[in-house]
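The following pair of complexes shares a single chain, chain A, combined with chain B in the former and chain C in the latter.
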Partner chain A sequence: MTSIGTGYDLANSIFSPDGRNFQVEYAVKAVENGGTSIGIRCKDGVVLAVEKIVTSKLLKPNANKRIATVDRHLGVVYSGMIPDGRHFIDRARDEARAWRDTFKTPISTADLASRMGGYMQAYTLYQSVRPFGITAIIGGFDSTDEPRVDGEVGTGPSCGAGGKVAGKTHGGPFLYMIEPSGLYWGYYGAATGKGRQAAKAELEKLDLGGPGGPSLTLEEAVKEAARIIYVAHDDSKDKEFELEMTWISGPDGPTKGLHQEVPKALREEAERLAKKAQEDDEDDEEEDVEGKEKMEE
Partner chain B sequence: MDHRPQAWGRPRDDVYGAYDASYLQTSGPKTATQSPVVTGTSVIAIKFRDGVVMAADNLASYGSLARFTDVKRLRPFLSTSVVGFGGDVSDMQFLDRHLTELAIDESYEHEHSENPAKSQLNAANLHKYLSKLMYRRRNDFDPLWNQILVAGFDSSSKPFLASVDLRGTTFTSPSLASGFGAMLAQPIMRRYAATEEDAARLSREEAVNVVKECMKVLFYRDARSLDRYSIAVVTKDGVELSEDEQLEKQSWAFAERIRGYGTQTV
Partner chain C sequence: MFRNNYDNDSVTFSPQGRIFQVEYAAEAVKQGSVVVGIASNTHAVLVAIKRNAEELSSYQKKLFPIDEHVGIAIAGLTSDARVLSNFMKQQCLGHRLTYGRSMPVRTLVEMIGSKAQINTQHYGKRPYGVGLLVAGVDDQGPHLFEFQPSGMTEEMVAFAIGARSQMARTYLEKNLDKFADCGREELIRHGLRALKESLVQDRELTVDNTSVGVAGLVASDQDGTTKVEPFTVYDQQEVSAWIDSVADDKEGGASAAEGEGGTMEVDS
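Then we have the complex of A and B:
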């Protein structure tokens, strides 16, 4: 980026002559300083993880959570300015409630991403506001059952079509990432924050896209997510960090369609494997170095 | 032609005669629901050693017509409590939506507490909340036409069972029944759990059997009831809700001996 916006970066609602909104680009810089967060969409659910830098020893371990639940089946994690993220989550919860009030059914992940994308984009339009200093990752599992209506008491006709389309499937796992500009896409795997480059490189190695859908299972994804956060942290080894992870499975899976924290035992196992993988890598590197030295001799 | 704006869009006086404005009366007392429309009948519940059993049949009646036969009237709340609704079904739906919203907000509030089960609303709290809500609606002369049973645990982790009705009247007892059940099922349940001490001696199996027996008696004698019902067991492990139970081992032999109705010649 050019070091100065030559006067076009002083307000949100002004483009530069070459068509850039500098305020939005500066907001992206704020995100790039935040702890890495990632999301993985796998065969039977979604995993969200964040690298939580420990800024002070006076902070209680495992308190001050960074991943929030919206409604029951959606999770949001973000990198960047934490107060902005908190407001983003408040708004997402309001949107989810408003959706239920109107339609009497839970909001889908795609609809929440759309609403929140619109909300963030509105903060790039006016003099009076600044863009959000976060990039948010929204994960969710939309119910695969016939969608239930809040307050419904019966199950409808037991014979005949009853308005149901035979063979039609519903829902599944979804993952979206929203940037400060309001831009959002659906992803197989998403990463943002300080370690996003390394994390993206690792995500691309996983089988998330394939033509028959991803083959990665939820438990594998939890372990991969932990490993990726440890890999992405590599560069700033001096600071300590905590790993926070949540997951969402389908109705038959471990969370029964709810967004929940990954159980402590599984998280610790994933962290153990992540540390081990990292140590193995380091050993290999050392061997390589030694090998090269010998060659030179 | 009448060109006054007041007359625009109205039937012409010269054709239809002057409009009788008395039909547009806006004064007089406000009227809200004065009687229930689609209704569910009894809800019954009994405490036992480790929790509470609750049951209600799956019928919603439109007057005496058995209108809807797969209506679920027991609703779990936060998977720690069960709410059973008798009375108006649309008011039940309103309350169900309201409680869903409440449950979601509750889980936001406590999602990161170390022991969410302890900090979230328990059945005693929920019953207090519903009683305030029902009493307020009564004072607005717009009551929610229900009798509600709430089952779960109180803050000292003891089994909890209480009722609240459309007037906000609250009541608690080792066994409770609403509607016709208060006449037909309550005496049977009292035989097994007259006091808290009796209830604390009941096993889960015994309590379930008592409730099933009561559901059978209710089906025999309550004309607005059904042989399909829902039964919920609340324990510390959560709520087990079965929504499509069928009454078993019915015996209508007693009906032979009943005289004094229909076309019988006594």
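Then we have the complex of A and C:
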């Protein structure tokens, strides 16, 4: 992966003899240097969180937001080159608005991921542009109402083409992650940026997938998200950081279907627990070491 | 001379994921003379050192009013700054026309951020070679933003960009906690003291080479409401009292100068 593409890596859209586009791989490197972003899809919503490294004491605390609202029910967080992320957000907002104009309905999370995946991919096709230096995580809560069929009369057909399936559910929480290549997948839990390895390991321990769906609730997910960002942060190497978190619930939940910042009180509680969990962990490690020493004696 | 093959345009990533053209553009900012900005709870100030090409020539302007409530300080390529300044003026005017009120400072700064980002992603374009400090007031109070050629924009409590600006930033970091409650005059004095830290030896603040810009919120006489003090640039005799007030001011002077001595750059 870390090989250098002698001669074939100097321009975008150029294939190397073994079929790689090195400029896209280098764009991924830009992502891997950025602060960690994560997304968690849980039972009743989605949580997005990002580790914002404080590069200067002179930055105004909590003033520079990194998680953007793209439509009422959609949030986007990203790792990598922040100006590229802002461009991505601008485009995502345009797409969401254009969808509303055309179809008279909010864009679904899957459709936005598709549109933005296509947009990112287009930036890998030409020598006249460079790929995006970001990986974006899109979280959304799609309306759980049954979509209206065009020209529907009464309750519509009960079976057949365009018919309704008894017991079929609609909408719900969704999470997608888009890479610089334009590749995107749906996720139960997504992580990108510098601390993605540690974050992924923690996400995999949570009950997010499975046949019965996730058992994790939104509030639990907020606390897990905070803890994971704290775990992914390397105290010894990295500078201090700020934690920014947003969430989206269904219409019956705390955000009423909207993408919003996690209330300050809940965020601070989550951070307190995250710090505590980390300290407990460190104590355990120390005990382990002491235990081993005693064994040796 | 060539550092590598990856630094010839702004559409090529290096194997480490860096874009050298953008990093070089950031170097252009360091060629400009230093500018300092600070925001308190009531005011946002910009102070700058102006340069003259030769003894008898005039000094290059560093501070520009954008709209009634916003002004900028520039470091780097002046002609690029003028392009951005014109753009910002037009956007502010357009916003007033459509919405009947002044543009929020963050909105304005993000617009130039988006504009600058495009220059870093398309072949045949180059990044802007200028950094800005944008100071202004809106409904949320006074603000100070930094703009970089990469398109990065961040809200700061106080900041300095330009040649030898690290010294000024060190001063600002030391006095960071004082700024929020500073009055107008004290905030300007802090700005000038930070500016002095970044001066080359044997240079001083004079009425010719120093500019001060202020925007603020002032309590109205009649009722308790606040009024905007429009962004105003002060030059020449208007700044002499402020310069005198920080003359021979040893506070933070010698002590703050040490530490960052490694980043010596010659101020032409």
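Heads up, the rule we're going with is that the second predicted complex is superposed on the first by the 267 of 297 C-alpha atoms of A that agree within 3 Å, B and C clash if a C-alpha of one lies under 4 Å from a C-alpha of the other, contacts with A are read in each partner's own complex, and residues count from 1 in each chain.
Definition applied: a residue touches a chain if its C-beta (ideal position, glycine included) is under 8 Å from a C-beta of that chain, and two chains touch if they have at least 3 such contacts.
Computed from a predicted model, the values in this text were never measured in an experiment.
Applying the stated contact rule after C-alpha superposition, one finds that A:Glu240 touches neither chain B nor chain C. In the superposition on chain A, contact of A:Asp280 is made with neither chain B nor chain C. Of the two partner chains, neither chain B nor chain C is touched by A:Glu204. By the touch criterion stated above, A:Ala30 is placed in contact with chain C alone, chain B being left untouched. With both structures placed on the common chain, the touch criterion links A:Arg100 to chain B but leaves chain C unconnected. In the superposition on chain A, A:Asp145 contacts neither chain B nor chain C.
Touching more residues of chain A than its counterpart among chain B and chain C is C. When the two structures are aligned on the shared chain, A:Ala63 is found in touch with chain B and with chain C. After overlaying the two complexes on the shared chain, residue contacts for A:Asp71 are found with chain B alone; chain C is out of touch.
Common to the chain B-facing and chain C-facing surfaces of chain A are residues 63. Touching chain A in their complex are the following residues of chain C: 5-6, 10-19, 39, 110, 113-114, 116-118, 120-124, 144, 150-152, 154-159, 169, 172-173, 176. Residues 60, 68, 70-73, 89, 92-94, 96-97, 100-101, 104, 107-108, 111-112 of chain B are the ones that touch chain A when the two sit in their complex. By the touch criterion given at the top, residues 2, 4, 9-12, 22-23, 26-33, 56-60, 63-64, 81-84, 86-87, 90, 123, 127-131, 133 of chain A touch chain C in their complex. For chain A in complex with chain B, the residues that touch the partner chain are 63, 65, 68-69, 71-72, 93, 97, 100, 104, 150-155, 158.
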